[in-house]
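Note that the chains are named A, B, C and D in the order they appear, and that numbering of residues resets to 1 at the start of each chain.
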């Protein structure tokens, strides 16, 4: 029931904020803050309790499994369940949710009620996505989060907001509908095979599908997820959405919405279509690598701070797709870490961009410069975040990227090497941010104040977690472990079959010669 | 009593009338004439019904024809009312002048 | 005709009787308000009578009519939408027309016509129902006769409808000529032996399709739609968009099911082409359209295309999907046009998209209602439109019609764009240019708003919890 | 002693934390106390540990202390473990000891800077990272330190951030070293998959078992690690960042870009020496890189006018010597040279910093001069440092360390005459540019007024360093000259002895040659810059010489080459693609959609007759489809 409560709390809080926002301006944000905090506390205490009570990395069961009939004639049920991965992402959702409320504390002055309604409903949709174990329900939540996000960007965004909001909506909706087709296709195939027509995830696992059909169905799922993630060439909605969204919107986009794509691949694409994924893996990895490099190069050339950070997301998400399709535990753990750490570090960068915008009324980094003199605290945090973004060891992102590359190295040496070049590019663009914004001579004579107390709280929470994840990532790793072991188990069996078939030496299977000594 | 005219011939006539009606509707610009041409088409269908009814020796075709007549009458009456109004508003019966709504 | 026959036809008789009753009320010079309320009452009675006749089902009235679950369901939808239109009409006509009373007579007649379509299983009853509906609509469309647009729309609809009726009739005649019967089951019987269709029948069927296609406003017979939707008074537009199409679609469906037209590849091919063209062209036409009524017109073209996607497989699932989608479409479209109606003023309908600017900040309730309706049209979850679209896709994919499903997806993405444009407009800016609420008739204004809110709740309720409706449809489906 | 180990890095880190979090609130005195104090304390701890290590050598030759397990993923479980053996001890000693001196020096040097606490925070963080680097038990932790020092280097090069040129230099340093780091990371992947662990002792223990001599994998691994070392240690071809890195304050140059960080590459190779030993090719490449670098950088140093750039090139050159030593298998010689170099180069940088500050931030040597009498302390310490750098025979520490390298370049098994000759030529050039620097700065006439004299806080560290620059060499004397091997004895616990070719015992002749080359270099500078400066002018008349001069001056054109080959194309692509070419695709779709809309909306002409036409055409199409099929 805890799962339902989390969603209900968010939705109810949203409605309450909306209704009460009509007659009091500051009430909605307090309601929102309370709502999200309650959810956060509940989830974290659940996590800690679980972490203490059982060896979380050994338990192979679903922590909570709630099921209730919804549309029985279609075999659709209201089925929520969480395992470690879901739990992690849920905690992350609420964590960033709190920060999102906090960072829009003063930013949103008008229509605060509706604003917080949207904010909470986005969170509700995202939470639902992370919990739904019924494909129909999953799609349902998948779409639910879009509309409030659309409003968030479209109403409270900056100048070009409508264009950005529409672009975001249309991209995700188009890809989502293709996924719906695939879901329905899978539903009928499973139904015909077994006579049981159901959207239940657990039932659909292991559906026997002919390879060709499986490939297309998988592509249906994939397209939705890679657009969300996003992967080049489906990324172009992201810079627009990010740069136009209000701070909280960017935070949630970067921190959570993108993660739903990765989650979808981990949860649905790989387990449902293992063979097809395997066939597709080299291409997916290739696209990942292209994304890493391409996003980085684009990030380098941007002058709009938020746009720049948005492209860095493209680059970082390239690592995610690369790691997922490496199909081994190291890379997958790296992916989970990347989801969490990227959410935190990039979210923090967006918050910072928002703070700068609030102070300077511009996002153009050419108009900034030399801000360190007046805002040393913010400068220092920005430096730390830039370091996180370029993967400095000791910060969470390093663990993520290192594990991903380490895992990928086993699967494909050539692509790993190219992806590693992305690390150099990430240094280039990250340092450029710091240089352009905080260092160098002052472009204008600003009178800006450094962090306020509220901002310190936000940034402290983010930086502490990023450092924590960098130095002791074990809780995250352990929590995600059962899920990842399951995935690896699916693929390890096939791994062996594949390797026997292919004895010739090419640059693409060089890895066998680099890694074979161990076996 | 056996008809001396074959069904095919009647249908051909009906089809001819129908096509003539279509052509009339397309070619004429005056609304009244357009309505007239539509009437021709409707009657062509009526004729076809009658012919079909006679083929199967059923009264249904003729029943249908009567319905068609009634319906055509109702239609024309409303049509004429509208035409009056149009003339009142536009001082013209040229259908091509009625293009206020488009796009 | 036996007593039972009359019993089975109670709803139709009630509708017919109502029109007479209203006429009498007009004769004794009742006020608009009295007429409105009594017609509302009569609609409710007619609607209630549907439950009353339930235990008879299915009931054949040879050779013309059949009252079965499906027809009751469709009649329910039609009467329901007329009822809503009726509610909306008061404030709309009260301020625009001195004597809007005959309007209600015509509304009853049109409803009757649509209902006849729903129960007909014979070309004659089909034709009768269609013409009752159409002739009534001529008058309704041009009802505000001093407005240029109304009259223009009226004459366009009149000429085109008559023109297409001629096609329909000619087609019927040809089918009759070929099969020797105008009753659907008899036609089916004479076709059962044939695997390939005789050209005469095919031509006839094609011409019937032209006629029906016109009424349904599917591509390529769609061109009148936007003009008529735009020109007609907003409540009438709502009626055209819902009741008239629903009746026609019902009879088309019955016809195809009874003659099992789904086994003929050529017919299916044509239907696929029509469906694809409707979806694409309908949506494309609305992309940059600035008139809300025209946007809704084009979107209705696309929605009929969607319906055809579910229709084409002709499976059990199709029937349910079509029923569900029709219901979803009815509720949603009524809501959307309801908003247009409420926001219209004395001079002009609220049709320019610009006039919706900042609506949300001025009339949050109306804006929310309208947004919900538009999102439902776009098929976004939490709304009934989503479940409907899901149903359609399921029906299409179950039979393996991937192409149409894909086109549906792509075109609905285009569709999304223009729905979003309206929604965006409502949230943009600060000041609304629309007038304040209808001060003149606060009670009826409130009633209308409440009615629309109820519809909105239905949209959401059926969107979130569709299983009751689904089992309901299961019960009333075409057997 | 074992459990004190964590204090060594923890003290500077604590200093960093306090300064970073509360630096604004603290007074300057406290900042200085914490900044310099933490490192000094750390040095004391090292001293205690070092004494215990030397007096009671641990059984297995090392101290190690595990703090916690960093992570555990699929058999990959690096721990946060500190590991101290003789090699680390030398490095730790140099880092903390010289670090402490430089911190003390900085207290005075940076006294007027507005970002006092930021400076010390970064310096402390640097010391922490560097200590972590050399104390790391596994390669991942080493990598953490490795990148950490890179970060601090970046922060400190760009310390005076108002000037964009400093920021540029800082980023250049970071990014170029990152190239090497990335290769090194790939090296770590290879090592992990080969050995299933990144723990250094395990890797070193398994390597000879797993790989035979000359194994291809060993070469690949060694080269990847080498790439990391090359980047960090500013060796060919990634050396271009170091001269620019002189944009930072002088103590930074002394600590990071002379004494410690830039020698991290040396440490890495020495640490992983077993892998290098397994691959003669890789080792040869190390030697060649070292030789080439020392040669190239020497000539560049000869042409610079900025005193710090001279020292920067000389650092590159001296590290080249260390690489050469590593390459020829003279492991201990390399480490010995590292230590001596740390002393004298730190001294030189600090003294140069003092000179620069006294002369109102004048970097140009040609505008200095005549300081011999005005700044006696600086002069003498600088002279001692220079003597050591030029390897002035017998009396300077640099002589003993460099002589060893020259000898091994010839005599060791993998040495060869060419390497030796280049090294000898390098020694000649070194002497020349060192003498040139001395002459230009301290002799001749004064060209710039001097400001205030450096205080005690600055001179005392100089004197201490000068002492070591002179006498530290005596702990390791050549075979034919006392044959004292204290230092190499210590290191031989970890590093193997250099294997000499058969029949090599005529070290004396080489020493004489080294003598001659040193004095030759000094004489050359004496002639051209003291005795007959007009000769320089005459030489500059010649186009060829001028071009050669400019070529050397620009660091052999590497910057330009990289700009043309890599930087400019990438920037060009990035800039033309600023608006994202992929987006054009979607804009194209939008465009097509709108075109279609326009076309279709044109069909909705409002004309009834047109509509009828449409209807008829539709009917015809349908009927013809039906009839046709």
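Note that a contact is a pair of C-beta atoms (placed from the backbone, for glycine too) under 8 Å apart; a residue touches a chain by one contact, two chains touch by 3 or more.
These numbers were taken from a predicted model, which means no experiment stands behind them.
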- Task: Between A-C and B-D, flag the pair that has more C-beta pairs in contact.
- Result: A-C
- Message: Using CA atoms only, can you tell me which chain is the most central one in this structure?
- Response: A
- When the C-alpha atoms of chain A and chain B are each averaged to a single point, how far apart are the two points in Å? 65
- What whole-number Å value describes the gap between the mean CA coordinates of chain A and chain C? 43
- Message: Using mean CA coordinates as chain centres, what's the gap between chain B and chain D in Å?
- Response: 96
- At what distance in angstrom does the C-alpha mean of chain C lie from that of chain B? 26
- Query: For chain B, what residues touch not just one other chain but two or more?
  - Reply: 22, 25, 34, 95, 98, 100-103
- What are the residue numbers in chain D that touch two or more other chains? 601, 604, 606, 608, 612
- Chain-chain contacts as defined at top: A-C, A-D, B-C, B-D, C-D
- In the complex, the residues of chain C that touch chain A are 361, 375, 380-382, 386, 390, 393-394, 397-398, 402, 405-406, 409-410, 412-413, 416-417, 420-421, 424, 427-428, 465-467, 470-471, 474
- Can you name the residues of chain D that touch chain A in the complex? 20, 24, 68-74, 76, 80, 118, 140, 143-144, 146-148, 151, 154-155, 158, 161-164, 167, 170-171, 174-175, 178-179, 181-182, 185-186, 188-190, 192-196, 210, 217, 220, 570-571, 573-575, 577-578, 580, 582-583, 585-586
- chain C-touching residues of chain B, taken from the complex the two chains share: 7, 11, 14, 18, 21-22, 25, 31, 34-35, 38, 41-42, 44-46, 48-49, 51-53, 55-56, 58, 60-61, 63-64, 67-68, 71-72, 74-75, 78-79, 82-83, 85-86, 89-90, 95, 98, 100-103
- Touching residues (chain side chain B, partner chain D) in the complex: 22, 25-26, 29, 34, 95-96, 98-103
- Message: List the residues on chain A that touch chain D in their complex, please.
- Response: 167, 232-233, 235-236, 239, 297-298, 300-302, 328-330, 333, 370, 372-373, 376, 380, 383, 387, 390, 392-394, 398-399, 402-403, 405-406, 409-410, 416-417, 420-421, 423-424, 427-428, 431-432, 435, 438-442, 471-474, 477, 514-515, 517-518
